Amino acid sequence: MAADGQAGGTAGRVRVQPEAFDFAAEAAAFAAAQTGAGAVVTFTGIVRDDGGDLLEMQIEHYPGMTEAQIGRIAAEAAARWRLTGLSVIHRHGALGPGETIMMVATAARHRADAFAAAEFLMDYLKSRAPFWKKERRRSGAGWVAARAEDEAALSRW
Amino acid sequence: MAADGQAGGTAGRVRVQPEAFDFAAEAAAFAAAQTGAGAVVTFTGIVRDDGGDLLEMQIEHYPGMTEAQIGRIAAEAAARWRLTGLSVIHRHGALGPGETIMMVATAARHRADAFAAAEFLMDYLKSRAPFWKKERRRSGAGWVAARAEDEAALSRW
Amino acid sequence: MRLDVRYFAWVRERVGAPRETVETGAPTVALLIDELRARSEGHAAAFADTTALRVAVDQALAGFDAPLAGAREVAFFPPMTGG
Amino acid sequence: MRLDVRYFAWVRERVGAPRETVETGAPTVALLIDELRARSEGHAAAFADTTALRVAVDQALAGFDAPLAGAREVAFFPPMTGG
């Protein structure tokens, strides 16, 4: 797999890549790699087709900073909750409706840690990782605007 | 698959079975079956080996009531959040360390609904679905006691 | 009234059986428990501390004050530990 | 001081280029923006409303008052939409 960026270590694995990935295979490999985990949470983001209006989503990113920034977010999650592991995979480039954009996986002894870490990672990836989405629709093209509720979600952490 | 109990409909699919299941394959099939979803959350519960002390976990359940009760919990989740689908699979019988006990999957347009529904389902499955766990350990056998924090978790909903 | 009474987990182990059929006129779960307690030492041990018990009437969770009129099945078990 | 300035998403589209090298003595991001604005109509459009912009200095998020001493790369972009 010709991943653009890959980082491991105690904060978990981070991959940023243009290639499609198999969510199920990644989730299975992640779960199999855990020791002492009783709970595994995964989140998968999918390109919504919005009833056929969406033709393509283009995801731009900031090579280098993307990996560094996700690494910081992952390290923060690893410091805040008792995890046995975490994983982030995020695509960039052109994606079609129904394609998997990204996934987060967390594992812990207890479910509360795994859920909290996964939600934290998602909230920060949404608003603090340098990705920008442009949609090409039948009705026109445009950049996806950040949602006020995504910014507000950060205040709970 | 010789599932003991199976139920579909708008509240989602519920399966209670003694057979092992492939978490990743189930998650992939669930995600593929969604229409209009932008977010998929899965939770998987795994038998912790606790450093080799645990030999076996036996899960007793109440056939008939188990399916009915999970169905009620699933219907409540479907009524509270905007979901495109949900799925619950829970095993009973004898499980070894590292085996998958159960999984929950939720899908929604937006991640907040998918996360909240998955956490709600887990909190209620923990304390309101008629399963009881008996552990056989090197150090002896005994029933797993309900945790006060699991009961307390229900009050947030 | 003929009731199917079921026991799970350590309640089942203390009673010594997973189910039994009882003939009773008890109008509520609590009064049924008083009758069951007298059946054997095992029953008495199982029902010694009812705060540790949960109840289902006809496969739905119920309280100790739940009426039994029309019920066919009552189950006793410890707090559940699913998930 | 020679700075590598990078633009992303609609900031890049308005400026008309993904990056440029600038020679500047601006001590802060805000003062660098004042210089960049004067470069072209595209730059002026990109920096018309700085409340719509986010900044990174050497690939870490920063504020408009961030000092530029020692910096090598500054990036401007809209609020991020990952996940």
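Order of writing sets the labels: A, B, C and D. Residues in every chain begin at 1.
Quick note on the criterion: a contact is a pair of C-beta atoms (placed from the backbone, for glycine too) under 8 Å apart; a residue touches a chain by one contact, two chains touch by 3 or more.
Quick caveat, the model's predicted, so the values are computed rather than measured.
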Set of chains whose contacts include both chain C and chain A: B
Averaged-CA centre spacing for the pair chain D and chain C, given as whole angstrom: 72
Where chain A and chain B are represented by their mean Cα positions, the distance between them in whole Å: 24
Between chain B and chain C, centroid-to-centroid distance (C-alpha), Å: 26
Junction residues of chain A, two or more chains touched: 45, 111, 122
Per-residue multi-chain contacts in chain C, two or more chains: 83
Which pairs of chains touch, using the document's own definition: A-B, A-D, B-C
Contact set on chain B toward chain C in their complex: 45, 60, 62, 64-65, 68-69, 90, 101-102, 122, 125-134, 143-146, 151
Touching residues on chain B, where the partner in the complex is chain A: 22-25, 27-28, 31, 34, 36-51, 109, 111-112, 114-115, 118-119, 122, 153
Chain D residues within the chain A interface of the complex: 6, 8-10, 56, 59-61, 75, 77-83
